[in-house]
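These notes open a run of structures that come right after.
Each of the two complexes below includes chain A, the first together with chain B, the second together with chain C.
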Partner chain A sequence: MLDIRTEPNDTIVLSGRFDASQVEKARAFFVEISETRTLDFAELDYISSAGLGILLATQKKLSESGHALRLVNVNPHVRDVFHFSGFDRIFQIE
Partner chain B sequence: MAPAPDLIPKLAAAVLPVCLFLTALIYLDSYKLVPLRRIVGVIALGGVLAGAAWVLNGVLFSDEQGAHPLVVAFGAALVEEILKAIPIVWLLGSRRIAFLVDAAICGFAVGTGFALVENVYYLVELPHSPVMLWLVRGFGTAVMHGGVTAIFAIMATAFATRFGSRRRDLFVPGLALAVLVHALFNQYLTAPIVTTALVLVLLPPLMVLVFIRSERSLESWLSFGFDVDAEMLRLLQSGNLSESAVGLYLKSLRDRLRGEVLADMVCYLRVRAELSLRAKGILMMRESGHPVPPDPSIRAKLEELRWLAKSIGPTGRLALAPLLARSAEDLWELTLLESRAP
Partner chain C sequence: MEVSVRLEREIAALDDLFATVERFVADERLDEKTGLELAVVLEELFTNAVQHNPGGSGDLRITLRRDSGEIVLTLTDPDTDPFDLASEPPPDLFLPLAHRRPGGLGVHLVRSFVDRIECDWREREGTITLIKTLG
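After this line comes the complex of A and B, so read on.
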């Protein structure tokens, strides 16, 4: 189960599992984003290629208007996945 | 002799349709599976093969031999399709084709090169022929050349995926269909304009169908494979490998393989998972429209993988087989990385 909530400081917190079964829910949320936002991965247990596909599409849409997604609190394994897939060159990871 | 005044429209009719069709196929491929350099090379090779076909057919089916017209029609089609099949067989064998989409593009590109040289040759020979002839040759014959080689490539790839690429007979059904369609087309069983219309009506939906099916299969391979690679990486970095199913399997080999070989097998799994993630990452970035920056670490990792494969030896590689995906697509991804390594 994936939970997406927005903190008072506009940070988007993802918690739970971001897998293929959560794609439609996530797409409906991310399609509304139109400016630079921070995604907090601290409570994210798992992200599959389906979730990464949503983030890539959102990043592409935002980059066309000079905006971007910024990822924070990314755990070492997810950081490795971003690194080895080359996505760390697309996203700003802190 | 002065050039025919309508040479430009004739040339356009003879060469543009097949080029536009190929451009549409390349554009439709959202993952950009075939590098432009390879497409250009394959087109050039198709052109060279048209010259070879002209020489061979001249020797085998000269007028003096008086062969039956049907024998000439099918024989010439067989010679041409065998020649056009050569680049596809090589591309499949060298793992440069793995999906129906890249098979269709490469096949059509061979046919495009073949048709361009053939049409330009005939245009030089028959400069005063009517424009209608070039409309039929451009929209009909040229697109047929691309289409039948694409069909051959698609069928060969589909059979290779299903039955393994080592079987030699996997090329026979595609070749037989390509020769049949080619020979029937050349017979003009109906008016040439009707045959041309048939090609234009039947080929685009067939290609669209192939592209839809191939993209679905690629998406499914990509998403499943990416998650499997990420999981393998997690396992290898977790420090708990020895308690996992993979670890238990490797431990069971301790009596048969030397310790350093087992250590290299673990390294092999890790480098392979890293490279595999990178290849799938490239495809996902392309699909979502992101530019793919060059990665200088790819070359070194590919070299490391080769060194590890050598160190492990054939027995070790055989022992690793149950842990590694070895489909045509998985082997193809290493070729993708090799072509991108700076």
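After this line comes the complex of A and C, so read on.
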């Protein structure tokens, strides 16, 4: 199960598992994002290529207007998935 | 030990797949990193089969087995055209953002997290076997 919530400071917090069964829920949320935002992954335990696809589509859309997603608190496993996918080259990870 | 599960060809069956992986990881006392990698690998194989062969008949079968210093994973599709996972071209990870596409990432992750991939097909039954050497 994936949970997505927005903090008062506009940081988006993802928690749980971002797998193929969560794609439609995530797409409905991310399609509404139109400017630079921080994604806090501290509570995100797992991501697969399905989740990466949603983040990639959002990053591409935002880049057309000079905006981007910025990722913070990425755990080692999720960081590995980003690394092996080459996504650490197209996302700012802090 | 070996655990196995039969899954309907629908993404909602992923919950059963993850529960099976968690049981295997706990029984074999594998570390969290290995467990998460096994989950990614099997999710990618399973969703690939569901999305590319939704009309196949019969459930998909997945097994996990520990064989000395290796983990052996299999996914069997009882009704599929021939395929060769190992021959899928890798995605270009160096493309700029505007040219990146999500296609091929799943198979690429599978290759990244296992050490050997074998594909077998006969009389419409296809089996993918993945071997992961434990560190």
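To be clear about the criterion, the second predicted complex is superposed on the first by the 94 of 94 C-alpha atoms of A that agree within 3 Å, B and C clash if a C-alpha of one lies under 4 Å from a C-alpha of the other, contacts with A are read in each partner's own complex, and residues count from 1 in each chain.
Note that a contact is a pair of C-beta atoms (placed from the backbone, for glycine too) under 8 Å apart; a residue touches a chain by one contact, two chains touch by 3 or more.
Note that the structure is predicted; figures quoted are calculated from it, not measured.
After superposition on chain A, the partners chain B and chain C are seen to clash. Judged by the touch definition given at the top, the superposed model places A:Lys60 against both chain B and chain C. Once the two complexes are overlaid on the shared chain, A:Phe84 sits against chain B and chain C alike. Shared-chain residue A:Ser21: touches chain C; no touch with chain B.
By the touch criterion defined above, A:Glu35 reaches neither chain B nor chain C.
Contact with neither chain B nor chain C is seen for A:Glu43 once the two complexes are overlaid on the shared chain. In the superposition on chain A, A:Asp10 contacts neither chain B nor chain C. Among the options 22-30, 238-246 or 256-264, the segment of chain B that ends up inside chain C in the superposed model is 238-246.
Across the superposed pair, chain B and chain C both touch chain A at residues 20, 48-50, 52-53, 56-57, 59-60, 63, 76-77, 81, 84-86, 89-90.
By the touch rule above, chain A contacts chain C in their complex via residues 17, 19-21, 45-46, 48-50, 52-53, 56-57, 59-60, 63, 76-77, 81, 84-86, 89-90. Residues 11-12, 14-15, 18, 32-33, 36-37, 39-40, 43-44, 47, 91, 93-94, 96-98, 100, 102, 105-106, 108-109, 112-113 of chain C touch chain A in their complex. Residues 222-223, 226-227, 230, 233-234, 237, 273-274, 277-278, 280-282, 284-285, 287-290, 292-293, 295 of chain B touch chain A in their complex. Within the complex, the chain A residues that touch chain B are 20, 48-50, 52-53, 56-57, 59-60, 63, 76-77, 80-81, 84-87, 89-90.
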